[in-house]
Amino acid sequence: MQKHVATIAIFAGIILLVLCAQFHILDQYYISVLMFMGVNVILASSLNLVNGYMGEFSCGHGGFMCVGAYVSSICTVLMFSKNHILGAPLLPPQFAFIGFPLALVAGSAASSVAGLVVAIPSFKTRGDYLAIITLAANYIVISAINNMEIIGGPRGFMGMSATERAMQSMLDIPWVLIFVLLGTVFTVWLLRRFVSSTLGKGVPAICQDEIAAEIMSVDTNRMKLIAFMLSSGLAGLAGGLYAQVLGYVNPQSFDIMRSTEVMVMVYLGGMGSLSGAAIAAILYTVLMEALRFLDVWKWVVIPLLLILLMQFRPEGIMGNKELSDLFPKLRKYYSFK
Amino acid sequence: MNTLLEVKNLKVRYGNIEALHGISFDVKEGEIVTLIGANGAGKSTTLMSICRLPPPEAPRVTEGDILYKGQSLLNMPPHKVVSDLDMALVPEGRRIFGNLTVEENLKLATYARTDGHEAIHRDYERVYQLFPRLAERKKQRSESLSGGEQQMLALGRAIMTKCGFLMLDEPSMGLAPLLMYDMFRTLRELNQSGLTILLIEQNANLALRFAHRGYVLDTGEIVAHGTSEELLADPEVKKAYLGG
Amino acid sequence: MKRMTVKILFAVLALSLGAFALIGCGKDSDTIKVGFNLELTGDIPKVGEASKFAAEMLKEDINSKGGLEVGGKKYKLEFIYQDNEAKAESAVNAALKLINQDGVVAIVGPNSSKQAIPAGATCNDNQVVMVTPWSTNPDTTKDRPWVFRACFLDPFQGPVAVNFAAKQFGAKTAAVIFDIANDYSKGLAEIFKTEWEKKSGAGTVVGFESHGTKDQDFSAQLTKIIAAKPDFIFIPDDYNQVALIVKQAHDLGYKGPFMGSDAWGSAELMTLCGKDCIGQFFSTHYAAAGAQGATKEFIDRFNAKYKYVPDDVAALTWDATRLVLQAIQGAGKVDKDIKTERKLVRDALANIKEFAGITGNMKFAGTGDPQKCAVVVQISPEGKFEFKESVCPE
Amino acid sequence: MITGGGPIPEVPARFVLRRGLARTHPRRKAVPRHAARKHHFKAKVPLVEIFQNILNALQFGSFYALIALGYTLVYGVLRLINFAHGDIFMVGAYLAYFVAVTLLGIGGLNLGLHMDPGLALAITVPVTMILTALVGVTLERTAYRPLRRKGADRLYVVITALMAGLVLENGNLALLGASRKRFPDMIDKVIWNLHGVTVTNLKVIVIVASILVFLLLQFIVTKTKIGMAMRGISYDKFAIPLMGIPLDTIIVVTFVLGSAMAGLAGILFAMSYPILEPYMGALIGWKAFIAAVVGGIGDIRGAIVGGFLLGFIEIGVVAVFPSTLRDLFAFSVLLIILWLRPTGIFGVAQTTKI
Amino acid sequence: MSLLEIKGLTRRFGGLIAVNDFNIELGERELVALIGPNGAGKTTVFNLISGFYQPSEGSIRLKGKDTKGLRPHQVTGLGVARTFQGIRLWSEMHVLDNIRIAQHYRLGYSLVDCFLRTKNYMLREKAIDDIAWELLEAMGLKDCAYELPRNLPYGVQRRVEIARAMSVKPSLLLLDEPAAGLNSADVEGLIKLVRWIHDTFPVTIWMIEHQMKVVMSLCSRIKVVDFGTTIADGNPEEIQKNHAVIKAYLGDDTI
């Protein structure tokens, strides 16, 4: 029973948050920050798989997020919204509950496939050279979307809010919040299961000694493929949720700046620490909002804070430890097997 | 004989762990002294402390003193130890600059020398004479040298820094017997021409055959010392370090 | 030791979360709060800065006279500025913060469509009036009864440029260079192209080249354009890029005229562009040089206060804010309940049929988009933007 | 053949005539839009246009190369991607601006100096280079060195560099406001027109400067002891002090060199593209980094080749394809290059002995 | 049928010939040494066998199967395990994980199994765990199962590396200078360990080693190479007397 305490606590937390949103105990602003927090957690923990566990330096995560955001947006708009190019909704609003998750899955799948652009070169290309490939991939995605008139090009793409309305027309509760929270939990759960399995431990093995990994029976190409595709797929999930939260996507929202932000979260949290990435994502989002009053100086203060933090903790907040390593008592309350 | 190097009650920490718990030893001019002991006994740590290598590699000296020709080294930056004093260290694993040619490696070692072109040139001659193989491979990227040649280069490099006191960290590691014996013979030759040597070696048998005196280090403490003959004859040492 | 650091970090984290939750303001019934959602950092900080300056000036104006009179009582104005970093999600958060935390009556901004479209959706959903000074994308206000704007739309400006250029230069062929990553620039470029080809025949836009937002070198695009020998080059680009483009075109031997759009209309254009821009034309919201009445007064005061001639964003922000204030006054009273008050303001704003702004008269036909005249100005040898022609919608 | 300054240059008629070549260009014909575009792909690009674009590519490639040199120099020594380098370049341009305005006696800081532009330029160049070098060294001392001493993972230093870049950018914005600065004209612009191919004297200066800088750095790195020490550090930092070489001094020298080059690039850039804004270094910085890596990061030749290559790819794509596809094509080409040559053009794979 | 059959193996790096026409045939449960001067191409032979390099010429047959074109992890799957000259453990993961990961080639479950924690996954993971613990116990490493390799003494790290190789359940174990860096006492332990492995498991052990003490006391057969070619092949007594070997390799032990 004790093992399930953590699981129950998480779901209780989700229900509590949803209730807060439903009865306006927390106002829209907090809910919105909360949702971006969730998206950031997904982004940071998924990038951590590649940048932390695998030790590569991927700086094009924004590109994969972009693919996911667009593909799932297009799917939802196709299904539930009237669009001047894509036409009338294909499905009645009752299907939104199935359609929306399916659209998210489609987005993730598409960005997984986009991840191949990086995964395949990674067989041969490593380190900073691979970093450039990821960077190039990011530019390519954005440039491609800028050139796609049908989905708005630089104008951006909208109409996703129809899905939320469709869902709310059936039952009026904060659906997007629920999906974001579930998506976040799902991501952390999935990654946790992956990295704690012997299969998944092949990834840090590649990081720590690729040659040894290769010779000691780890199929490095397969592991890289899995790591990159999983990471970019989850980024796509984050993208899909982000698009839904915002109701509007624009290719410029996914440029290098976005990738940089995610990278900062990963290294702030500590390479190869899942809980570190999640904590850093939360901390970062909160900092971003809490320091709003600084106006122009905000973007001087935040980097300075991060530089200072690096000086005091050069391995990030958590290093490569997990929460359960620091507070071993926690272990009683959940199980991974 | 003058005392060249004197280590007094040296205590050293790596992070939170104390690696040396107060060791004392000395090396006199013209001697070959060896430190032997198990892995992790603190032999390399001792050498790194003497060379004052900068963080993060270097251990932190918490107590004690290191004197070279009566002068304390504790407040000296590492490059000064080499450039101002005539000390040199051939580190474990050789650490040659693989992306430079053999010639460049040697040239780099003369970076801080101020004693004129003439003297430097003489040292080049000496190195190439000691190791004709290096002369043949002057223009080669040193990465492509075999393990033995790399060891020669590392030694040659130390000579080029104009050293009178040479510290060697496991010079025989990974060397074929032929080369290993050759190298020890070369070192002996250098010693006879005035070079003082402090040697760290896993192969205690070999080290004691080579050295005049030895110290036995165990988990950060010196547990035995004496002339090589004494140590070779010591039953305890024999049992623990020389193998059956 | 390390463990300690981690625990301290956690404490800091918890504290900051707590502090964050406590941020919020007390409410004062004698003030009226208007929110500004501006691009103070990010790609276009100058735009946000100009907006902020104009708003500050207006606020001081009114507050120095004792405040805004609504229903016989004077209320002090409080303007709250939130930086949206020129990012879409930040604009949404800024809007939500203004709405929920700061409890503003209405929001002015964001200026750029990338932020204005999602922020518009947010404001519409939360039933708060939003007036964007500068976003010319039709989507910003489309199907959003709570969202208004103070500027004309791209589909109107395009033909203005086309007709003027055809007449003024006697041009048969045109070339366009635009910013592909800037929806304003790209949209206008495309409208211009369609209109020009409608007028002068297919294929008469002999060069249609793009560049990226932060590019500084346009030589390849210009080489291509110049080789096609257009009669003039249309540049619907931000003024800083205009300065570079015009200069580089001259370096490459181009001697023909240029035609620009409202994004040229910055005081900085002439500092940046210098001699190269003299004599060129562009369409804009208002002509600073030779302006009359309220417009001139605004320009002079702004210039005195901030040491530069206000650009169109400043002027439009002024108008947008005044629109909001007029609507607040038009509501007739300040309701205690913020939601009712916002509704009142929206209804009052929707009731404004005509508004005399410093950027020209605006007519609203219930869509939230004003119908207003565009002017074409020429850059005089002294670097002033001189009125050349006014084009009004039929 | 040489015509003097002025904003709109006069071009002698006989040369203008030659440009009539382009008059037969198919795009001029009134053909339907889509047909025209199709034609455009097949159209043989006139020779004049090709030469003009080669010059364009050389000029912009020079800037990529100059900045890439700084990246590669620091990388070559410390394995550190100094992401702040693009912003150091920006700071260089601003410093040049302030020095130049002060010397010319225009703008805010008027000391009553009204120097001749030529003289002012001669002073601005070294002063800016020194000041920018100071910025680079300060960054190294305050941000990177403590991390290095603590033995932090390389990537944390990279993130610190990214953050330092943001501080420079936004600090500039916060301090100087959002107004852009115009760099004063320091030399009289001369436009040469050779059979329709136009060259300004500035372009020539930029190209020559970048090649000279390359030769200088190549000399320093390959021939001098300091250069050898730099290469030595990149291979094995540990053994450097054992050669009697002061590690920190060499690293500082590297930052001085790299940042001074960024400062020089800043001046030249400000003269060629005289509009300064806080974010001007970000994009060109990223792209120069890409250039450095494609060339083979850590190799001086790689930086210059990568820089020019990127210049040629970007300009070439625009010249041949619709310019809207520039980033798409240019980055695809780079991606393919790196796929085929996983360590860039000059990069040597780090051999791992097992 | 012999376990390993190498014929005419040649490997060139650019103009350099690292291995030249190398031939050997190993049977089941042999204990063989490969010695030779530094740079003679010994490690390259190991790298060729483990699939890290592809041969320029010649063939490597494992249990009759040509390994040409196989990637290293596939070769491991055929039952070849090895250790490295410098210890190459995964230093940030504890010893147990090190041994688990080396069993990657027989995971036997898919990514989906891993996400859903299916019965198959549980069974397989348990099997992997069991093997790991069994080995740790047998090799006296049980107490350091949760230690990070870098915190262990060098000699123990060697043991862990050999344990990791044994977890592959190899039929051919390649040891690359196992005694390098060990002190005299550790060397004794190593000799015992190798002998124990050879007695306990059905495995052929092939080692590269410079310490004659190890080679002579363990191996029944020694092959000597220089400049990529074989100069001698025989039992320890023969090798010790062979002039070519003394001249090229053993040398004169006066110092």
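Residue numbering begins at 1 within each chain, and the chains themselves are lettered A, B, C, D and E in the order written.
Heads up, the rule we're going with is that a contact is a pair of C-beta atoms (placed from the backbone, for glycine too) under 8 Å apart; a residue touches a chain by one contact, two chains touch by 3 or more.
Just so we're clear, the structure is a prediction, and the values are computed from it rather than from any experiment.
Of all chains in the assembly, those touching chain A and also chain C are D. Common neighbours of chain D and chain E under the contact rule above are A, B. Applying the stated touch criterion, the connected components after chain B is left out amount to one piece. Of all the chains, the one whose CA centre sits at the greatest distance from that of chain A is B.
Seen from the Cα centre of chain E, the chain whose own Cα centre is farthest off is C.
Chain B and chain E have Cα centroids lying 31 Å from one another.
Put simply, the C-alpha centre of chain A and that of chain B have 52 angstrom between them.
The mean-CA centres of chain B and chain D are about 46 angstrom from one another, to the nearest whole unit. Looking at chain B, no residue sits in touch with two or more other chains.
Under the contact definition stated at the top, the residues of chain D that touch 2 or more other chains are 150-151, 170, 173, 324, 326-327, 354. Along chain A, residues 142, 146-147, 211, 215, 296, 299 each make contact with two or more other chains.
Across the interface of their complex, chain C is touched by residues 7-9, 11, 22-23, 25, 27-33, 35-36, 46, 48-49, 52-53, 56-57, 59-60, 63, 170, 173, 177-180, 182, 189, 191, 193, 196, 198, 200, 269, 273-275, 277-280, 282-284, 314-316, 318-319, 322-324, 326-327 of chain D. Contact residues on chain D toward chain B in their complex (touch as defined above): 148-151, 225, 228-229, 231-232, 234-236, 238-247, 348, 351.
Touching chain E in their complex are the following residues of chain A: 190, 193-194, 197-202, 204-205, 208-209, 211-221, 226, 272, 320, 337. On the chain E side of its complex with chain A, the touching residues are 50-52, 71-73, 76-77, 81-82, 84, 88-93, 97, 100-105, 107, 109, 111, 114-115, 117, 121-122, 125, 128, 164-165, 168. Here chain C touches chain A in the complex through residues 2-3, 5-6, 9, 13, 16-17, 19-21, 23, 40-41, 45, 81-83, 85, 87-90, 92-94, 96-97, 99-101, 113-114, 117-118, 121, 125-126, 137, 139, 180-183, 186-187, 213, going by the rule given at the top.
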